[in-house]
C-alpha cells in the first residue's frame, strides 16, 4: 500500500463533527484540533460520547455531519481499512486464533510487506513492548497487561501517524494500570505518533496527556492543558470532574473593592475572590481541597476567607490527609500533605478553615 | 487512495451487509413464501372460486373434528410435556459435571434418532402382541391383549416422547440463568421452600416456560408421522388429513384450505414465540 | 431438613424415570434387529443376523441410503452457504429489520412441513424439477437452513464485533476480514450447523413424500412405505444402522463443539 512509510504524528482537525442515534445526540457538533505528535486525552463520564468521537475517527461510526481532517485530507468517506490509523480497544481485541506474532504481523500482511521484513519488524516491536520471545504464545496464555502490550504493538507496528486508544487500561487493576500508563507514555515518545486517548479516569489523563478535552452529554466542555483545566475550569462540571472541588452556589455578588470580590453563597457563607466572570448570571465558587488550611487559632491573619466548622471525619491516604469539615448541613473537604509530628484533627473538634482569595474560583454554573 | 464518487457521504460498515441477505431471501421467497402464498390462494380457487372449501371444513363434519382433535392433542401434549419436563429441567439445571453430561446425552440422543424409527418403536411397544401387552398379560392384569393401536394413547406417548427434549432444553437454559442466591435470600427472609419456589423461582422461570410451551405447541400442531402410524382414522390430525387429501384423494383445494387454516394457527403461535424469546428467533432451540 | 431430602430423592427419581422413557425406544429397536423371529415379539426368543442379511439382499435399501446421502450432502452445503450469509447480515449488519429477517429465516423450521410440501409440489412441477434430486435438495434446504443460521448466529454472538473492527483498522478489507478473522471464528458453528442440516435432511419424511420419485426415494420414505405394508424386523435392522450413524454424527457435532470451546476465545472481545 502506498501510504506505508514512516511518518511522524498526524495533525487532526475536527470540524462540526456530530452523531445522532435517532433521538439521542451522542455527539453534538464538535470542533477540535490535535497537534502533530500530541498526546491528547478525551475524558468524561460514561455515555458522554468519547467512544463515538473515536469511532468516527477510526471509521466505525458514520458521522451525521462534519469533517475529519487528518493531515489536511477529509477521511469521512474513507473506509477504516484505508485510513492507516492504529487503534487499541478496551478489551484488547486480539485475534484468539492467531499467535502473538501472527497478531502483530497481521496489519503488515494486509499491507503485503515481504515476509522477511514482517518477521524483523515483529521482533523489533516485541522488544519495544518488552515481550521478546513471546511471539509463539497464544494471546490467552498472556496476562492482561501483556495482552494490552500486544494490542499496542499490533496497532503501532505499521507506524500509523495517528493512534487511537479507547480506555485501553480499563480492564486492568490499579497497580498494573499505573505501570502501563508509564509504558504507553514511553511508547508514545518512542514512536512519535499523535495519540488520541480515551479514559474516564481523570487522574490517568492528567498524568499522561499534553492536553485534555472534557466531554459531557456529547459536548466538549473544555479543552486545554491539564494544569490549566484544573486551575481555570470553565464551569462547575469541569471543576468537579477534574480533581476534587468544594463547590458553593453563589446567591449574590456583594460588590468589588480593588481586586477583592465578595459573594454570598446559598448556605449563607461570605467568600472573597479575586476574579469573577462578568457576563454570567449564575456562579459557583470552587475551592480546591488543598488550597484550604486548617487551624484553631481565631486570630490568623492574611486570609480573607474564614469559615468555622466541626471535623466530621479524617482519612489518612498515601501521603496526604483528607479531612472533612461539616459547616451547617454540608461537608467541606480539605487535603493536606501528611506531616510528621503533626497529629491530625480529631472528629468532633471545632476547626477553622482559611484560604487566600485567589483560591476562590468564581466560575459559571453551566 | 480510492475514494467513492460521493466523497461527502460517510463510509458505513453496514453498507454491504444488507446484500448478504439477498441470496437467502430470494431463495426463501421462491421456495418458501411463494409456495405458502400458492397454498393460501389455492384454498380459495380450487376447484371453484369462493369459500367452498372453507364451508366444507367449518360446516359440521369430519374435517372440523380433525382440526379440533389436532388442537386438543397439541394442547394435551404440551401440557404433559410441561408437567413432565419441569422437574427434569429443575434437576438438570442443578446438575454438574458427569451427571449433567449423562442427562444431556440422554436427552440429545433421542433428538438425533429418526422420528420414523421412534414411532416404529412405539408400534412395537403398543401392538397387539407387543411389549406392553406381554407385560400386562404376564402380570395378570388383563386376560386378553388390549387393543392400543390405532388410538390416542400411542399418539400421546409417541408425541410426548418426541417433543419432551424441546420442552426440557429451553427450560434448562432459562433455569441455569436463575440466580440461586435469590431463592436462598427468599428462604432467609422467612419463606418456606415451597413458597420460595412459588413466588421466586416459578415466576423467574416463566420465560423458559413460555418459550417451551410455544415451541412444543406449534410443532405438535403439524405432527404427521406419529399420528399417521399410531393414531389411525379414529385419531386423525390435520397434517395426516392434508397429506391424505392431496396424495390419496387428489383433493388439492381442500388440502390447501386445511393447510391455510393450520398455517394461520401456527403463525399466531410463532408470533407469540418470537415475542417471548425477544425476537431472537430460535435461540431457545440452540441444541 | 428431612422433607427437603425426600423431595430431592423424589425429584431425581422422577427425572431418572423420564430419561429412561426417552431412551426406551432405542432399547427396543436394537435388540429386535437381532431377533431370529419374523414377528415383532420382544424380547426376541432367539438371536440372529438374518434381518441384516435380508436388508442387504434387498437392493432398495442401499439405493435409498445412497439417495439420502446424495440429497443430504448438497442440502448441508447449500444450507451452510445460505444460513451463514443470513447470519452475517443479521448479526453484523446494522439493519433495522434484522429481527423480521431472522423470523422469516427460522419460520420454515417451525411451521408444519405438510404446508410447505403441498405448496412446493406445484412450484416444483412448474419448474420441471419434480422428482429430481434438485427439488428435494431445495426443499430440504428451506427447512435445514435455519439450523445453520442459529448455530452461526450463536458463533457470531460469542465474540464481539470489535474483533472485526480491529481487523479493519489493521488494514483488512471486507473480504480479508472475513477470511482471516470472521471465518476462523465461526468455522465450528458452520460445521456443526452443516451436520445438523444433514441430519435434518436425513430424517425428513414429509417433503420427500411429495417431492421424491422412485429414483430419488430416501431412507425415511422407504421405511415409511415398508411400515405401511409389513412390520418385519428388517426395519429394526435398518433403524439400528441409522441409529449408529446418527450417533456418529452426534459425536462428530459434539467433538466439533468441544474443540470450538477449547479454542482460546476472548469472553468479552
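By written order: A, B and C. Residues from 1 in each chain.
Heads up, the rule we're going with is that a contact is a pair of C-beta atoms (placed from the backbone, for glycine too) under 8 Å apart; a residue touches a chain by one contact, two chains touch by 3 or more.
This structure is a prediction, so every number in the text was calculated from the model and none was measured.
Visitor: For this assembly, give the contact graph shape among line, ring, star, complete and other.
Guide: Chain contacts: complete, every pair touches.
Visitor: Where the centre means the average of the CA atoms, what chain is farthest from subunit C?
Guide: With centres defined by C-alpha atoms, farthest from subunit C sits A.
Visitor: How many angstrom between the C-alpha centroids of subunit C and subunit A?
Guide: 54
Visitor: Just give me the whole-number Å value for how far the CA centre of subunit B lies from that of subunit C.
Guide: That pair's centroid distance is 16 Å.
Visitor: So how far apart, in whole Å, are subunit A and subunit B when each is placed at the average of its C-alpha atoms?
Guide: 55
Visitor: Residues of subunit A that contact two or more other chains, please.
Guide: Correct list: 59-60, 79-80, 82.
Visitor: Any chance you could list the residues of subunit B touching two or more other chains?
Guide: Residues 13.
Visitor: Which subunit C residues reach two or more other chains?
Guide: 165, 168
Visitor: Touching subunit A in the complex: which residues of subunit B?
Guide: Per the stated touch rule, the residues are 1-4, 6-13.
Visitor: Which residues, counting only subunit A, touch subunit C once they are in their complex?
Guide: Touching subunit C from subunit A are residues 1, 58-60, 79-87, 89, 91-97, 106-107, 110-111, 138-141, 154-155, 158.
Visitor: Mind pulling up the subunit A residues that touch subunit B in the complex?
Guide: Result: residues 2-3, 59-60, 62-63, 74, 76-80, 82 of subunit A touch subunit B.
Visitor: For the complex, give me every residue of subunit C touching subunit B.
Guide: Touch residues, subunit C against subunit B: 1, 4, 11-12, 14-15, 18-19, 21-26, 28-29, 32, 39-42, 81-83, 85-86, 88-90, 92-95, 99, 101-123, 138-139, 141-142, 145-146, 149-151, 153-154, 165, 168, 174, 196, 199, 202-203, 205-206, 209-210, 220, 223-224, 227, 231, 235-236, 239, 242-243, 246-247, 249-250.
Visitor: For subunit C, which residues count as touching subunit A in their complex?
Guide: 159-160, 162-163, 165-173, 176-177, 180-181, 184-185, 263-266, 268-269
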